[in-house]
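Structure first, then comments.
Think of it as A, B, C and D in the order they're written, each chain with its own count starting at 1.
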Amino acid sequence: MSRVGLRSVLILTTLCTLCASGVVVAAMASNSAAAPPEPPTNLIAVDKPWDGGGVVELEWTASVTPDIKGYEVFVHQMVSPLVGELETNMQADAEAEDQTQEILEGEGVAPEDADQQARVEAENDVTLTTNEPEWTSMGIVLGNELAYTATGLDKATPYVFMVRTIGADSTASANSNITTQLIPVAAWFDGEKLPLFCILGVICGAVFLFVLLARNGMPMKIRTIAGLKAVDEAVGRATEMGRSILYINGIQDMDDLQTVAGVTVLGHVAKTAAEYDAKIEVPTSRSLVMTAARETVQASYFTAARPDAYNPDLIYYVTDEQFGFVAYVSGMMTREKPAACFYMGAFFAESLILAETGNSVGAIQIAGTAQPSQLPFFVAACDYTLIGEEFFAASAYLSGQPDQLGSLKGQDVGKILVGILIIIGVTLATIASATASAPGLAGLHESMTSAVDFLVNTILGS
Amino acid sequence: MNATSEPMTGSQRAIWAVVVLVIVALVIVRSMIGTGMGRVYVEQEDMAFVQLAASVDDASESVSEPKWVRTNSEQGKTYLDRNPDANVIGWMEYTQVDPKAYFVQEAASANASTASTTTAAAGPGPIMLSWPRTIGLWVAAFFTLAIFSFLYRDNPFYKFAESVVVGVSAGYWMVIGFWDVIVPNLIQRLNPWFSQQFFTPGMELPATMADYWPNLYYLIPLILGLMLIMRLVPKCGWFSLWPLAFIVGTMAGLRMVGYIEGDFLSQIKASIIPLYEEGSVTTTPFRTVWSTIWASLANILIVIGVLATLVYFFFSIEHKGVVGGTARVGIWYLMITFGAAFGFTVMGRIALLAARIEFLFDDWLWLIDPNEQRTIVESAVGLLM
Amino acid sequence: MIKLLTNLDRRWIFLAMALCVAVPILVIGLTGKTIPETPTPLAEAFFNEIDTAGESKGRRGHVLLAFDYDPASAGELSPMAISLVHQCAQRGLRMYFMSLWPVGPQMIDESISKVIDRHYPELVYGEDYVNLGFKAGNEQVIKVMGIDLTTEFRTDTKGTPLQQIPMMKGMTSLEDFDLIAEISAGYPGTKEWVLYSATQYNIPMVSGMTGVQAPLMYPYYPGQLKGLLGAIKGAAEYESIVNVWVREQKFAEALVAGGMDEAKAQEVAAKLMDKPAQVSTWTESAEAADLDPKTKAELITIATAPIPGEFLEGQRRMGPQLFAHLLMVLLIILGNVVFFAQRRQGGRS
Amino acid sequence: MQVLTRSIPLLITGLAGLVMILSAFFPYTSDWGKIAGNFFNIIAAFAFVLGGGNLLKIHLKKVSDQSEGWGYSGVILVCFITTLVVGLGKLGAYPNPDFPNVRLSGETQSSGGFWWAYEYVFKPLTATMFSMLAFYVASAAFRAFRAKNFEAILLLGTAFIILLGRTFAGVLVTGFISPDGPLGGLRLEELSVYVMQVFNTAGNRAIMIGISLGIASTSLKILLGIDRSFLGSGD
């Protein structure tokens, strides 16, 4: 306790309230000081409307005592009968154990008798103490604040609240009125999430709309992505050299969307490879990725009218362990010397070893990842790199599918939205900041500040 | 440039041979100097438990559970004295201690035996050399060097180490998945009685069968999990599509909301900053001006950077004219970003290497002692330096 | 020369790197000297956030320590983790350990044994700290914890049901924690915690992370992340702040035990910490006249006691770091010299 | 078959995703989200089993075929099975002291053979694999990072500032600039902080925003069944 004791008495008080006996200690501590301050009055608790539940707003009238440090808010969770009984039993058990020990040490009673004797006594003790509400401190607010928002409550059980004044000398007042029982239920919709819901709707709507338009034949033009031409070249070169193509689909599972995009690109690479009759090898670090890769490659070989050339054994699982995987792959690369290496998916530390090893065996390397931490190495060591979103765009471009192209357009709408929001917000914020010290423009400053506040905290924040 | 396949020149080969020989020689020399190297000591503790018999209370007809207490506790001793044939089980528990604790114990027992000639039966102290751990330490050192040997060229030692890590890690993950997830979250729910008896005796059983029935919902993940494993059976592979669909679906739903809230909205919010900001240093007017310039410049550069980089990632327009120019600024920002990432990544990698070399020098070779595990200063150090 | 560099076997570079790291380790290990650290605002923010955890609620801070890393990144991250536990233990916070990485529990055990078992044996398991262990499922675990803690975590690593653990009382969801302190080596890690807990529930969060991730997480500071430690440099900075602060706390404790009142003790401790070398002179001064000789002796012991080796790990590692960084810069320059020399030769012919 | 391999999986995907999205906005459904998440986590543990099973299958085949390098496959199998047996059986692990009679009640990872496998095999192997990157990064620096154009110069220049500014070298190189003067921000250690908090933050922020849009649209396509690549339909 000495370390803790160093800190303010407030923390000590809180600590002690955790157990019933602690309350007594705290009370004793406060009794030893001067006359306690008056408690606040008219405490009211209201369940917060339009929330996700578990939040209660409290309000009270200030204590008549001047110069107070603040108010400490207490909560008591009313327990359902079943839970209460369970807890009582647990307490009884614990106390019984303590007392068994006491009896054994003190009186030399046979253990089994002592145990039983203690159990009976402990049960009596517990039933005596459970009538009092067990107040738990929720925290202290400053003396000039007369409201508190209690969060993190259980949505299904009733609570009561109580507030005490904390005087300037840290003495606590008597209890205020206790609120009526209140269940902090959830509303059917979380109002704070409304802006998020709308923006999500706009983005999804834009994507969906453009996908529909694309499906209906509207041409979707996409800017040229320099790195993509290299894919066919690389496959062609591998064929000329008579060596294999290595395709690494990242080291994440199918739940990572980069892996999914990687599988799409794999479909194209495999199709080209099938046309050129080049061997493509796909070691994966997740068994699910192996599954998906096999089906994709098989489909590609079908599309290329070479179903007989498809060999599922070349697409295999190695291990989930990152370095087990990279050790295997880099070892394989030095042994087999592939002519072209594709790294498409989510990569972590292994990118460097792969790219470096690929470099050392003289392979053409093409990378694509949305993992920004690995981009420097790919940019440096690979012939072409698809940076971040370019990777997703590439998957759209390669497939030429209206769905993917449409969704790319939809995302561009999202980017325009970002640009507009940032430009408006920054303009408002700059005006607000520049007029802050100008005497004649107080009104403008005020309205700008509130506009920025509305934009930042209501529209963009929750 | 192809280091791993190009044949080496004779002189290079000689140099590398010398390096390897020097390492081996140093290890041999090191092990013969001073207190030696690479040993692990443990403290032994006898964990014996006695079972207190169940007791029946006639009045309430309640039965208290039989329970286990340490034989060396007060209660245990008292009980054992009364019931000498009580059920006792136990094992030896070993705790690793710093070698210096062993040295101190050795010194003390040496003093004791020279002081009095009669204490021949001083017996082994509670601290002793642990063979499994000492062997383990040497195995670890061997594996460390085996992996490093790949830097020289691919070799059977490396391949062996590689295979070991593949096998052990796959097994390791399965075991952890079983004990930390499947047992508490599935078996405990589906068959609490079995789990309590064999795996998690501390758990509470459902009080009534009515409490138990809702747990049967967990048959769903069990079935989906088993369907996932059906992937291993060639003809039943399609079974795994259902759990896969579940995995992909939940993840997509979770991420869609999470990323829009946490990365999209919050980052726009963080970019709404005034281009003019007064500096925080206001000691003199001169410094105020400079501080304001630095602070405002930072904000201006952030806003320009975010917008320009976004233009680079805008796919609907070809990069020509003004858009092309802005996109180019965006690329510059990206390059600075990658440069920063490069710097930080290098930093991280080197720290990892330092940690491995510390392991070799400290735990294995006992050359340095940063954690004061062996306070006795090594004479061999002088030789190396 | 250029020709030699062009054909330089990369194993020579490997050797140079090995020497740049190994020699400083030996020298630092033998002399015990480390390079001085000046903390940056980010490390200070990290420290302050933990220092004030729980204060807004007026209670002993409840900190969720998520150790999402494995031995592969322990070289960078374990100094952070150890300093983090050190600060929490000294500050008297309640520590809830957990991990989303399968080997994370080992990392937790290591920090507990190095800090709590060795230096704070008075802390009680289940009351001051608890180890909730590993759960599979990555960010889905965070999502479930945000709604209900016990659905996912039914027992601690020892198999004790959470209802029987005193410090779990009243902990129903992530929102009951005052702070999330994450040590992250990748996925799942800082990003997932930021997205699914810090942003969604507005829980203050600090994170220490590998050098690889740090640049990516900077945009979250100071909004969604209140403090950020990047790579071994961040660890070393934070470690030095914690070590200084802990010594100051020890001074204050000794002074309080010697009968000084708390506010005064804190003030004096801060003063002593500024000049630890002059503590023995101070004990002779008039200000220390009321203290008994035992307290004075204790103050001098605290001032002169060396910092335990495990609390200097990060700072020790900055030595090899310095030389290896210089080597890297040299290599890049050399590589470019070779590249341009070759290009010029190529141009002439 | 089409129903079992396409329609039902797509339905599951859509429903599961819908539950997760709804649970973020409609508090009454948050428990559904919790249950779905919990199911997910249990299935995630089964994925480990699948991984192990697959490994077993592949290497057993290699050993039985005696294909090239089958000896190493044997090593993998032996290590895998040993770890599994030791870990699942908690061989050598101490039981929970509260329940000494239940052999499997102790902690999995902190004692016994499984701990040994972690401490002396898993830990040194994975940690050393990772530390090898320090060598590769040095080699890449010498051979790959070329100042061939303006962009590359920017990348390398920034890397220098960070490498020097984040160690004591920064203090040595630019220590002559007064930290309080107007150019104090040009000291390398200050400059590295500035680069990180301004340029790096701006660049990464744009990347983040772009990625979040990409993830949202891909998720949407998966949930609506537009993108079925995860089911193996190819392109």
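One rule holds in what follows: a residue touches a chain if its C-beta (ideal position, glycine included) is under 8 Å from a C-beta of that chain, and two chains touch if they have at least 3 such contacts.
Quick caveat, the model's predicted, so the values are computed rather than measured.
Chains that touch both chain A and chain C: B, D. Set side by side, C-D and B-D show the greater C-beta contact count at B-D. Each chain gets one centre point, the mean of its Cα atoms, and the points for chain A and chain B are 22 Å apart. One finds 13 Å separating the Cα centroids of chain B and chain D. Averaging C-alpha coordinates per chain places the centre of chain B 15 Å away from that of chain C.
Shared contact sites, meaning residues of chain A that touch two or more other chains, fall at 196, 200, 203-204, 253-254, 257, 287-288, 291, 319-321, 323, 327, 349, 352, 360, 372-373, 376-377, 379-380, 388-389, 408, 411, 414-415, 418, 462. Touching two or more other chains at once are residues 10, 14, 17-18, 21, 72-75, 103, 105, 135-137, 140, 143, 152, 157-159, 163-164, 200, 212, 215-216, 219, 231, 233, 321, 324-325, 328 of chain C. Among all residues of chain B, those that touch two or more other chains are 1, 3, 151, 159, 162, 165-166, 169-170, 172-173, 176-177, 180-181, 185, 199-202, 231, 240, 244, 247-248, 250-252, 254-257, 259-264, 266-271, 303, 306-307, 310, 313, 334, 337-342, 344-347, 349-350, 352-353, 355-356.
A complete topology is adopted by the chain contact network, contact being made between every pair of chains.
Residues of chain A that touch chain C in their complex: 2-7, 10-11, 14-15, 18, 54, 72, 86, 90, 136-140, 151-152, 154, 252, 322-323, 346, 348-349, 360, 372-373, 462. Here chain B touches chain A in the complex through residues 1-5, 52-53, 55, 57, 62, 64, 74-75, 78-79, 82, 154, 158-159, 162, 165-166, 169-170, 173, 231, 237, 240, 244, 247-248, 251-252, 255-257, 260-261, 264-266, 268-269, 271-278, 303, 306-307, 310, 313-319, 334, 337-339, 341-342, 345, going by the rule given at the top. By the touch rule above, chain C contacts chain B in their complex via residues 7, 9-11, 14-15, 17-18, 21-22, 25-26, 28-30, 32, 72-76, 78, 102-103, 105, 133-137, 139-140, 143, 152, 154-155, 157-161, 163-164, 194-196, 199-200, 210-212, 214-216, 219, 223-224, 230-233, 308-310, 312-313, 316-317, 320-321, 324-325, 328. Interface residues of chain D, counted against chain A in their complex, comprise 24-28, 30, 47-48, 50-51, 54-55, 58, 125-126, 129-130, 132-133, 136-137, 139-140, 143-145, 155, 204, 207, 209-211, 213-222, 224, 226-227, 229-235. Chain contact summary for the complex, chain A toward chain D: residues 51-53, 155, 186-190, 193, 196-197, 200, 203-204, 207-208, 211, 253-254, 257, 260-261, 263-264, 267-268, 271, 286-288, 290-292, 294-296, 298-300, 303, 316-317, 319-321, 323, 326-327, 349, 352-353, 355-356, 359, 370, 372, 376-377, 379-381, 388-389, 392, 398-399, 401, 403-404, 407-408, 410-411, 414-415, 418.
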